[in-house]
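Got some structures for you, see below.
Two complexes follow with chain A in common, the first pairing it with chain B and the second with chain C.
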Partner chain A sequence: MERGEEEMIESAEKAKQDPIYLNALKDLIYQLADDDFIISFRGSEWLGLAPHIEEDVAFSSITQNTMGHALMFYNLLEELGEPEADQLAHERQSNVRKNAIYFEKKNGEGHYTEEPYYDWALTVVRNFLYETFKKVKLEAITKSSYQPLANVAGKVLMEQPYHLAHWKIWFNQLYHSTDEAHERLQARLLEASEEIGDVYELGHHATEMEHFELMISEGTLRERWLNEVSKTIQEFPSIDIGKKFGSGREGDHTPDLNQALEILSEVYESDKDAVW
Partner chain B sequence: MYHYIEYGSSESPHEDQEKYERFMERIEAGEKIEADDWMPDDYRQSLIKLISMHGISEIMGALPEKEWVPKAPTLKRKLGIMAKVQDEMGHGQLLLRVAEDLMKPYGKTRKDLIENLLKGDLKFHNVFHMPTRTWADAGMVGWLVDGAAIISQTNMLDASYGPYQRALQRICQEEVFHAQHGEAIIMALAEGTEHQRDILQESLNRWWPSLLMFFGPSTADTTGTSKQDIMIKYKIRKSNNEELRQAFLDKYLPRVFSLGLTVPDETVHYDEEKGQWVYQQPDWNEFKQIIKNNGPRSKERLRLREIAYKNNCWVREALSKEAVGS
Partner chain C sequence: MQEQRLQEVRAVLKTVDDPELPSVSVSDLGMVHDVKIIGSQVYITMVPTFAGCPALDFIQRDVQKAVTELSWVSECEVQFTFQEKWSTDAITDEGKKQLKKHGIAPPPENYQPGNEWTVACPYCDSDFTSMENVFGPTACRSILYCTTCKNPFEAMKPVVDYVY
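This part shows the complex of A and B:
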């Protein structure tokens, strides 16, 4: 269903006039921002530890873009009257974060400075699934009734195809290579299918998001995502996708998110009066 | 970022005197030597040592700063420091490719370089054996460590070996941004709260001896051997270690003092008559220990590389098998 020009909300000021619209809009943007932020945090932990030097350079570039996207979304929230972007990124407790739970999962055993037994199979599977999801969600958002958000989605989609292409290549290369690589990826795919079920959820304001044409429905989003995934992985389970740890869109999270927040806000919290 | 301390000498007789003379004529005329050109063995070996050390130091140098990447205090600082560390990895890649070409006649590859590093045969720069304890260290590495790197690398911008010289052109351009990135972090701390100023001064106190050591000792007397002469003979670089250190002090000490910071050396001053900075020598025995991988964080940093290398072995194996999927 297309919206007429007159129904577009062009500015934050206009969005603020309807509290129901505003709350649904903010919730949607929090999901986008928090997904990008946590996935890029996990990416930043990998820096210097990737399977080869060329990948370190490429992965880091993707991680920077993704954190840049998080910043753009936090800035949109700031315009809508929320606290400033750095506060949103560093100060919010885990129970108000809206990222899907699978994205906060630790990269593997150990800590990034000590005995980091990180798993490249998890990273490939997770980033592939994330980027396919991000593609379909943002494509839908380019038609959102909130014009500033639709514009940002359009901008992000200019970079994002390269990210997806990168992880697609990784996935295909490893999946069709040695038995060990295939098995490792398959195990991580199975794990993902048990945990990632909150990714296409839209949270408490799902109905309003659809009503105000901020976003397509959960069902459509799920369908488009699985269709996108199936272009690369025919075997990805489409019927039984679980959400073992609950729904991040509704504020459920695991201790892994707290671990991430402690690290990423360590310096920020060390002197709240400081300008860094 | 590299140093010039070498173990053992590689003086070798030049079997082919005519080729050697022609080679030296080209060097004297300021021509660039390319990867496929004839070159004397000691030239090739000195370059391999220098460039592999430089390359691997960039890779190892990513680790101390990287500790602060996930912790950087704002979104913009997170983006800035990530880009910076990525550049260093990129420099490492660029340089290892240059070293790999030089190693070809010996049948050696990058695998040998990484394994030599893990065995302790390939050294990395003294500064990257040091801890980065606070966010101020993240700034200090960008500002003064990279500042020192710019001094020594610009000294080789006209190096006689073409592939290295061209890599350095690009590296130096990026290093200027790194120094600005570091300076921006430092300025925010210097103009900040008491806590921020404290961690800044503490960081400089800790880094000071390492910064003096950065350029290596003045003469071979200190550590046994030095490749300074051969580097200058073959026009790989122009100045000796002490000249580079003086250039660093010239450039940065006034800036340090103007920020209201001090260095932990009460004797440091500029001798107008001699036209140079006078300073207390760092402990060169400690330096020798550091570059033998007995520095404060040597083992831990090597351990990180070792885990990254071994833990991802299955990935490299999978990549070396041709993909059958699309």
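This part shows the complex of A and C:
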């Protein structure tokens, strides 16, 4: 995506002047914000349960930072006239959320406060696929026509290489360790390939996003992402990627998202006026 | 008078420490982007270090409080902007000195994003150090170990402009 004839939009005020541009822009930012938000929540559920103490420190640091990225995107939405970040995070129903469905999937069986039988293979595969995707999507967005979003993408990309490097190490070490580790990762990769197909979709406003040079096309995004994945995993199926549960970009979601929202907004709902 | 007031505000900002890095001022960390003075009102724009840093609210409050204590200031507004990028290159020499004094090694130079890195020990300057955990107690720090003086220590994690 080269910046050509299309003009740069430097401020929220200017973006608000064209409702078609504004709606496409907001939809794109909701996808970025909701992806970061839900993957952070699933990450936070691992606190105290990670395989060892060093990982507990690392994973919670990544999760906290990723939640900070979600906040930056929600703040951009706030500037564009949407409700404030706390409301966006806690009060929206699942059918208006735009995260890809694979990221809302439960960490495993059981419950955090009871018997959490979470699966580390799912977590390694999912976070690796997420961080590779986040990298290529944000790289494209650094050239977006909406300058405030391009700037935030640049800021996030300064921190995110640490996250991606972390999950690459986990994947490579486990993948080349025992047969059991290898098989479990393989099974989770297969599962991911059946479910993750909505990740590179851009939703109802895809055409406008491309027209206004907010974003590259779905096809190019998909191609760049698979290329990035293949640098670490040669065996990831690149042709038959399915979307078993529909498209999160269009508001489809599974009961797992409702389960997450119920838990993460429990304290917020108990006293909405509280200042933390 | 305007110039003198600006200098007074700048001097105050050198006394406000990052709550998670005691004795290193927000000014020496390179977090102050812009100071504007209109009459008795002061407007400060700051750049956050890491996006997920939970100390931002405290820093905002501390800066506001310190500046308001200047006798001529009636109001001080502090805002964070995510439109400017902070990088570890913004840390001043004084900031690096203070970090080291408190057992935190300044970030390495010549860091390539995504690559491994180490730094010399802040206590004994030895190069025989190893990375224990790139993720430390806060988003901006890592945990290392010095093989020479056998001390664990922390280092500021390098972040630099992302070239794509």
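Heads up, the rule we're going with is that the second predicted complex is superposed on the first by the 268 of 276 C-alpha atoms of A that agree within 3 Å, B and C clash if a C-alpha of one lies under 4 Å from a C-alpha of the other, contacts with A are read in each partner's own complex, and residues count from 1 in each chain.
By our rule, contacts are C-beta pairs under 8 Å (C-beta built on N, C-alpha and C of every residue); 3 or more make two chains touch, one makes a residue touch a chain.
If you're wondering where the values come from, they're calculated on a predicted model, not measured in any experiment.
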**Message:** Applying the document's definition of touch, where does A:E139 land relative to chain B and chain C: first, second, both, or neither?
**Reply:** second
**Message:** For A:L71 in the superposed arrangement: first (chain B), second (chain C), both or neither?
**Reply:** both
**Prompt:** Of the partners chain B and chain C, which touch A:L174 in the superposed model: first, second, both, neither?
**Reply:** first
**Item:** Partner chain in contact with A:E54 - chain B first, chain C second, else both or neither
**Value:** both
**Request:** Could you say whether A:E159 touches chain B, chain C, both of them, or neither, answering first, second, both or neither?
**Result:** second
**Prompt:** So, does A:D240 touch the first partner chain B, the second partner chain C, both, or neither?
**Reply:** neither
**Request:** Pick one for A:I62: touches chain B only (first), chain C only (second), both, or neither.
**Result:** second
**Prompt:** Counting only touches as set out at the top, which of chain B and chain C does A:P148 meet: first, second, both, neither?
**Reply:** second
**Partner contacting more residues of chain A (chain B vs chain C)** = B
**Prompt:** For chain A, which residues belong to both interfaces, chain B and chain C?
**Reply:** 54, 57, 61, 64, 67-68, 71
**Request:** Sort out for me which residues of chain B touch chain A in the complex.
**Result:** 59, 62-63, 66-79, 82-83, 85-86, 89-90, 92-93, 96, 135, 185, 188, 191-193, 195-196, 300, 303-304, 307-308, 311-312, 314-319, 321, 323-326
**Asked** Can you list the chain C residues touching chain A in their complex?
**Response** 50-54, 82-85, 87, 113-114, 132-139, 143, 157, 159-162, 164
**Asked** Which part of chain A faces chain C closely enough to touch in the complex?
**Response** 54, 57-59, 61-62, 64-69, 71-72, 75, 139, 142, 148, 151-152, 154-159, 161-162, 164-166
**Prompt:** Within the complex, which stretch of chain A touches chain B?
**Reply:** 41, 44-45, 47-54, 56-57, 60-61, 63-64, 67-68, 70-71, 74, 85-86, 89-90, 110, 112-118, 120, 172-178, 180-181, 184, 263-264, 266-268, 270-271, 273-276
